[in-house]
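Below you'll find the structure, written out as structure tokens, and then a few comments.
Letters are used for the chains, namely A, B, C, D and E, taken in the order the chains are written, and counting of residues starts over at 1 for each.
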Amino acid sequence: MDEAQGYVLLTALALPLLAALALLFLPGERKMAARYFSAVIGAILLGLSVYVFLAYQASGDILQMRLQWPWIEHVGFLGANGISLHLGVDGISALLTLLTGVVAFAGTLIAWKLEYRAKDFFILFWVLIAGVYGTFFSLDLFFFFFFYELAVVPLYLLIGIWGSTRKEYGAMKLTLMLVGGSVGIWIGIFAVVHEAGLGTFDLPTLWEAGRNGALSPEFQKIIFPFFAVGCGVLAGLWPLHTWSPDGHMSAPTSVSMVHAGVLMKLGAFGIIRLGIQILPEGAEFWMPALLVLGTIGALYGAIAALTQRDFKLISGYSSVSHMGYVLIGLATLHEVGVSGAALQMFSHGVMTALVFLLIGALYDQAHTRDLSDFGGIAKVMPLWVIAYVVAGLANVGLPGLSGFTAEFHIFVGAFKTYPVFGGLAILAAAIAAAYMLRMFGVVFFGPLNPRWRDLKDLSPIETVSAALLILSMLAMGLWWSPFTDRLANTVVNLPGVTS
Amino acid sequence: MAEHAWILAAVPGIAFIAMAAAGRKLPRQGDWLAVLCATAVFALFFAVLASFLGLGENAWPVLNSIEWTAIGDFHLNMGIAVDPITIVMLAVITTVALMVNVFSVGYMKGEPRYWWYFAVLQLFVASMLMLVLADNLLLLYVAWELVGLSSFLLIGHYWERRSAVEAAKKAFITTRVGDVGLLIGIILFWDATGTFNILEIIHYVEAGAIGDTRLFVTMMFILLGAMGKSAQLPFHVWLPDAMEGPTPVSALIHAATMVVAGVYLVARLLPVFELAGDALLVVTMVGLFTALFSGVVAFAQTDIKKVLAYSTVSQLGFMFVALGAGFVGAGMFHLFTHAFFKALLFLGAGAVIIGAHHHQEMGQLGGLWRKMPITAATFLIGSLALAGLFPLAGFWSKDEILHAVDYGRGSWAFLLISLAAIMTAFYTARLFIRTFLGKPQDAEVASHASEPGFIMTGPLVFLAFLSIVAGFFIFGGFGSAFGFPGGFSEFVFLHHPEVFHVDWGLVGLSTALFVIGTFGGAWFYWNGRLDRATVIAEWQPKVYEMVQRKFYFDDLYQFFIDRVVLGFSYLVSWFDRFAVNDTGVDGSATLTGYAGFLLKHLQTGRVPNYAMAIAAGVVALTLISLAVGS
Amino acid sequence: MRDFTLFIPEYIAVGAAVAILAAELIWPRIRKDWLAYATAAGALAWLIAAIPFIGDTAGNFEDLLRTDDFTAYFRILAAGIVIAISLFSAHYMRDRTSTAGEYYGLLLVAGTGMTLMAASRELLTAYISLELLSFSLYVLVGYLKRDRLSNEASLKYILLGAFSSAMLLYGISLIYGVTGTTSYEGIAEGLAARGGDTNAAAVVGIMLIVAGVGFKVSAAPFHMWAPDAYQGAPLPITAFLSTASKAAGFALILRLFTGALVVDAVEWRAVIAALAAITMTAGNLLAIQQTNLKRLVAYSSIGQVGYMLVAIAAIGYGDAATAENASSALLLHIAGYTVSTLALFAALTAHYNRTGDDSIAGLRGLAQTQPFLALVITASLFSFAGLPFFAGFATKLLLFQASTTDGLLWLVGLAAANSFVSLYYYLMVMRQMYLFDPPEGRTRFRPAPLLGALAGLLLLGVLFIGIYPQPVFEATDAAASALFEVSASGLVRLP
Amino acid sequence: MVPMENYLVLSGILFSLGVYGVLARRNAVLVLMSVELMLNAVSLNFVAFAAYLDPSKATGIVFAVFVIAVAAAEVGLALAIVIRLFRNRSTANVDEAATMRW
Amino acid sequence: MTTEILWWFFAVAIVAVSAGVVFARTVIHSAIFLILSLAGVGAMYLFLTIEFIALVQFLIYGGAVTVLILLALMLTRMAASGEPEPTTGVQAPFGALVALGLMATLIGVAVSTAWPGDLGGSPVAVSIETIGEQLFQNYGAPFIITAALLLVAFIGAIVIARQEDGD
């Protein structure tokens, strides 16, 4: 059974790659074919992701659906299982898999409108998605890093070709910063594999090594920052977050969705997978620092968002703020806090994906994203406004939507461990209300600016994907035990996590 | 039935979903569905009440909860607890909700987003009921936020009006600030006791689970939440602006139910407050200041709804004072009565606004009693009840509060609260006189004014009736007629019951207060004369302006937000652009590029230079390694 | 013992060279691209003839040359490179020169020189083989004699080459003076047995040798000839320079350092580490500034040399096992690097034959005029940058991992940082190809079928090594162990 | 009778002079000559070592022979290139053959 | 005794003429100095009692190489403008510095090192047989390779220098 499920993961991993390959041979003119094909792939992936999430046994082993193929072994310094295609999910990655499925599908639908070099877009898009799945599934350091990079690199072209404002700058900066971060991970990998001296990249083995002292505490303390900062860049760790506003500002809609929705989570996920699980001691030692940075990020992002005048900048900064929560949650190393972090990854993922979807839908018609240009568009785009309000309220952490569930857990964890920072985090949530409502007031309500009299409301396709995202937000917001149950076992058994 | 009281909340919840989904398509945009739902809830309440009383004191509170989630040692249960306080709240909510729903059918006719209005109304009712039913603070907080949301939506119902949007925003954010405190308080409780369940928390605290200072701090945070919702100083600013919403909404949310959530919360946690050092004193002070302050401000308001709003704030202050004195009974009783007559007054105001075609400035009204007698009559009853005329509802509850303060806080508080009572009577008189009596100020307004239809006057009458009789629940006899002997206070205040006895001295006193206030008001404003008032105003123009400008609170906040908060935000964004991004990130990139630029000039393309590099390199390597080696 | 059969493959190669020369002398009007195919055929025969020697451990010519797996590895590499280069050259040279026989002949000889460098275990032989390679390259670089750049390049190359080989020779002479022999075993023993008072001579000798070989592999600060030579040389020769001559240089270095100098690791490892650091940094920083593709490739290859030197430093720092693993990983990386570079040049040649523009901006809009070539170029550049799916990712990661030893983590870190910097200028190339639309008048075109097929083949190679390096890795492992089984693993190191 | 060091010192001086020549002179032919000087120094080194330390195998002498041969060939090739340079630019000045740089 | 004096005389002479090579104002002078220097080194080989290598030196260098060089000078000296161009580059002083550093190092190494097996005695005569033995027996491989090398150089020189239509 487990083996068989492992092949599900393999499928979810291979499918996008094959899709990209297939598209490669599709003549570029046949846009429609590319779209339908991608939509189908996205739907299948969504199905697989949902299956993975549901099939993950809350009460079973921590790692499930494992599948291990020896890849490179008994050569050079590599021993048995030196590098193996080792797939599997734990509670956290199962949740994030679901997230990926949802966001990817929504993103595919949104990319429907794309006209310019549509085929190339989908090729890169699927490569990106494959990278994301791979990172979540990999239980082998080599492949983890493989897919991690794979997920980052296509962004350059995706933004550079199809982007909007200052796209070249944004694309280059984003790519360089993210890859720059992965340099840190790289160094960490070298050090860990060398220090463990087992001649293997197999993660479970290395976790064991981290636990049983094969990696000395001093070593762990030295190396943890490499992982933390390396992944932190992708997770929007302050002050290495600046790619987020610019990158999002330039990125095309569906890329922003996937990027802010899923990719940023790779960073936080990496901190768990590499940082906490391989180097528990180091994690324990450094977490306070991470906590401080996370808190700064949460407040900083929220405050900076207060006065932005560009939709995407607001969401960019609020992403920084929310990923700050994730970091806070992780830094608590408390079972509730860490679960909260995982929940927040999901919540922020769908929420921000929805936000970018809507911004895109507006920008495509209005060709401006300056708040002050708008006003009263609730009159012409009711659906759009409702969706945006839902997203915004989730952003604010309103009960009944996923944001509250996640943030609540984070706060609880934070108060258990670092009350003061918990308070600051909650304060940031209040500020979030301020900038969100400010935007509502300026853009959606008030007298309708006649310039926008003939804006169109969400198209059916957009409505579908928006509905999908809203649904998942409500699901987590109203009845979150299915999520927490799957997380509980994993989180509680993370090394160094207290109760 | 009582253990399934959650159905009360479920019904309007479902109604909300149904109407939000399909309301526009329904015939009459589904207002009948709303009314139906409200009636059903009203009926269900009596079922609950019956079974609750049937179970008898020993079975109270009626509990019913399920495990929600568990992460490791972190367990979270959700459920309901029904006890007398809940029952009182249920009574108020269901009754007023029904009235308002009915009234709205008339009031909102032909307004934009009719269906949406009713849908949100149901959402509000659902979450309000959930709030009072919740057995744990987390669920309470959830409901707390949801009522905030529906309030936000209803205040901003006319979102084409900038002012409405601003008001909605103000309400949401102001209360939000309080909510932050509340959430912190809740989590602090959990941190100390490991549970969110209110009864367990009380039990733990009584067992001394939390140190004194810590408990005090926690309670202050909780109080913040309560003050935010109940618009106590300094969070009161949002409530008057909230009058931008449709008037029935003001009646339901901003007079009868939501705003008293804070009072409810404090009452609910009073046992904890009592143990938390001077927490109760703080509650009293807050209440007193609010009562006096807003009483004064109410003098200078000219918009009838604004006057009512400030009077609401002031009355909430009364309730806080009562609670601060440690008398849940008094507080809850005033909540109970106030809900009815204040709802009555607001609906009456609504009727006036409809009748006078959306004129609500006293300056343009006056002499309306001829045109709309029923409204005038009911409004009069409401006013008298508010002012505290014996034996109307308001009288008894205010009497209770005076008594409570005298008993619990001593004379200084007693004096102040009496002063507040006088003010109440004063501005109420002013309001009524200037609106209904005297000569019409604005001829054409008066000429077009007309009595609204039964659909609106009906609720007025019913509420007027309640405003008269509700006070009698204070009497044990009257209470036992309805199945809870011992009367309201005992019913609510199970812990150390106090049998109510009419203290005639106090009755006399409060009547005196009423008389002073009312006749003061009458003396100033009788049949539309304003000269005496203007004399006062011109005697101290500064003071007058200060009062009219609500003691500059809003201006102060505005200044704080614009200058401090936003300024700081600009600062941060600037820092982010220039320091972090341009200098830190791009700077390092530029630096790297520049290093390359410098370096490339070594590559002169001339053989001798290259050879030089080689030779120099060799010499360097040799010398270095010789130096290192030896 | 003198077993001349050991070098049958080289005989074939040289024979083919002579045959081609003769052919052109006999039929001066022969189509020049036929000569290219003939060369390829000859090289293929050479490669096939090399196969039987795989796994042969006994092959030993007078302790001067060994034909073990290490040699076999480089033989095959050399033969492969020559095949590729000659096919690249087919149209290029046909369009540019009247006589091509010498060109192809020297190409083969150069390949032979590379093989011999890998095979030789004795300084004199090594030196001569090195010069054999160098001389051929001097001529090949300057082959477009009427082209001023080509001529200038070869002038710089030969003058500096002679200069640096003089250095190398002086170093050899000092080592000879210290140990009284030039065979690697002898040197190892001599160094091990020597008294402390010969340190100076040994050190200076080693440093001069480092300079000499450093020049060959273009390690900073001995790298300055490289960009000019690369730019001036005919495009295929640029490819040859950046693959064969580097690979050969490292073959020699590996033999020499693991076989002889490893004994004295304490004396040189720090210097090598420093060289590695300087080289990679300089290469990458300078590459950022380039506008000419060839120069860009030159500098990026200098950066690559820096990474490869990390492994050499690791040989100095680590124990015997580390040394072997590092060497094996280095060989793997060389394979990956070679394939990627060849793929790159296959595409560039096709593009250059079409446009005659070798500036980066010349690639503008290639993604639309020739998506396939753009893809190949992207793949190879990303492979250099070490991005997943492409050879560079796996090989570089394994190289650095194998080279990670205590006291060397800093260098590995620097290498990682450098490969990050390198991404920037690779992206700048991508930018031209993908972000912009082609300039006016650039229409879609299809590359010459031969080059197209070649590019596709090499692309597959890049992907294969990137995704499943196991087979290649096993091969390099065998080669590396052959390198060590002789003596080095038994060598005692001086403290 | 002359100690070996003398020869070594002499070759060292020659070598350095050659290096100086390469670094200082601008005419390609001169550069070549300087290189020849260096190579001479090298072979002198080899021969001296062979004669003093290793007369039995005399590897150094063999080496010297090869060095001389290679040097001769190198000169030939280099001069050909220099002549080509002169044909192309009518100068034998290495500083002026600096079209490619940076 | 006399040999030593003679040796010193030659040594000084060699240094002098070699200096001449690199310092001479005109190329032709350098060439002549080079011949002398090469000859001197040949003499050194004689001092080392290895006539064979001395012979090789005289033949190949004294003969072939210098002739080549002179030839090259003929072909390249007459610049577009008649007068000889300045032959010393701007970086001469730095060159001198580096060269001095190198010289110091090399001399230091030469004298400081205790060369293993150096009996401080006089050079031992190496018989021509030994050399032949070595050259053709033990070092056969390099010998063969050198053949290829010379071929390459030969072909290369022709290819590069060959006049073609258009030159």
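Everything that follows uses one rule, which is that a residue touches a chain if its C-beta (ideal position, glycine included) is under 8 Å from a C-beta of that chain, and two chains touch if they have at least 3 such contacts.
Bear in mind the structure is a predicted one, so any value in this text is a computation, not a measurement.
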| item | value |
| --- | --- |
| Mutual neighbours - chains that touch chain D and chain E alike | B, C |
| Intersection of the contact lists for chain B and chain D | C, E |
| Chain closest to the middle, measuring from C-alpha centroids that were averaged per chain | A |
| Pair sharing more residue contacts (C-beta pairs) when B-E is set against A-B | A-B |
| Per Cα centroids, the chain farthest from chain B | E |
| Centroid distance [mean C-alpha coordinates] between chain D and chain A, Å | 64 |
| Chain C and chain D: spacing of chain centres that average the CA atoms, whole Å | 26 |
| Computed distance of Cα centres, chain E from chain C, in Å | 31 |
| Averaged-CA centre spacing for the pair chain C and chain A, given as whole angstrom | 42 |
| Touching two or more other chains - residue numbers and ranges from chain B | 589, 600, 603, 605-609, 611-612, 615-616, 618, 622, 626 |
| Contacts with 2+ other chains: residues of chain D | 8, 15, 18-19, 22-26, 28, 31-32, 49, 53-54, 57, 59, 62, 66, 70, 73-74, 77, 81-82, 84, 94-95, 97-102 |
| Set of chain C residues in contact with two or more other chains | 124, 128, 131, 135, 138-139, 142, 145-146, 154-156, 159, 163, 167, 170, 174, 177, 180, 200, 204, 227-228, 289, 424 |
| Chain pairs in mutual contact under the definition given at the outset | A-B, A-C, B-C, B-D, B-E, C-D, C-E, D-E |
| Chain B-touching residues of chain E, taken from the complex the two chains share | 89, 91, 94-95, 98-99, 101-102, 105 |
| Contact footprint of chain C on chain D as seen in their complex | 8, 15, 18, 22, 28, 31-32, 35, 38-39, 41-42, 45-46, 49, 53-54, 57, 59-60, 62-63, 66-67, 70, 73-74, 77-78, 81-82, 84-85, 88-89, 94, 97-102 |
| Chain D partner contacts - residues on chain E that touch it in the complex | 3-4, 7, 11, 14-15, 18-19, 21-22, 27, 30-31, 34, 37-38, 41, 44-45, 47-50, 52-53, 56-57, 60-61, 64-65, 68-69, 71-73, 75-77, 79-80, 85-89, 91-92, 94-96, 98-100, 102-103, 106-107, 109-111, 115-126, 130-131, 134-135, 139, 142, 146, 149-150, 153-154, 156-158, 160-161, 167 |
| Touching residues on chain C, where the partner in the complex is chain D | 124, 127-128, 131, 135, 138-139, 142, 145-146, 148-149, 151-156, 158-159, 162-163, 166-167, 169-170, 172-174, 176-177, 180-182, 227-228, 231-232, 289 |
| Touching residues on chain B, where the partner in the complex is chain A | 68-74, 138, 141-143, 145-146, 149, 156, 159-162, 165-166, 168-169, 172-173, 176-177, 179-180, 183-184, 187-188, 190-191, 565-566, 568-570, 572-573, 576, 580-581, 584-586, 589 |
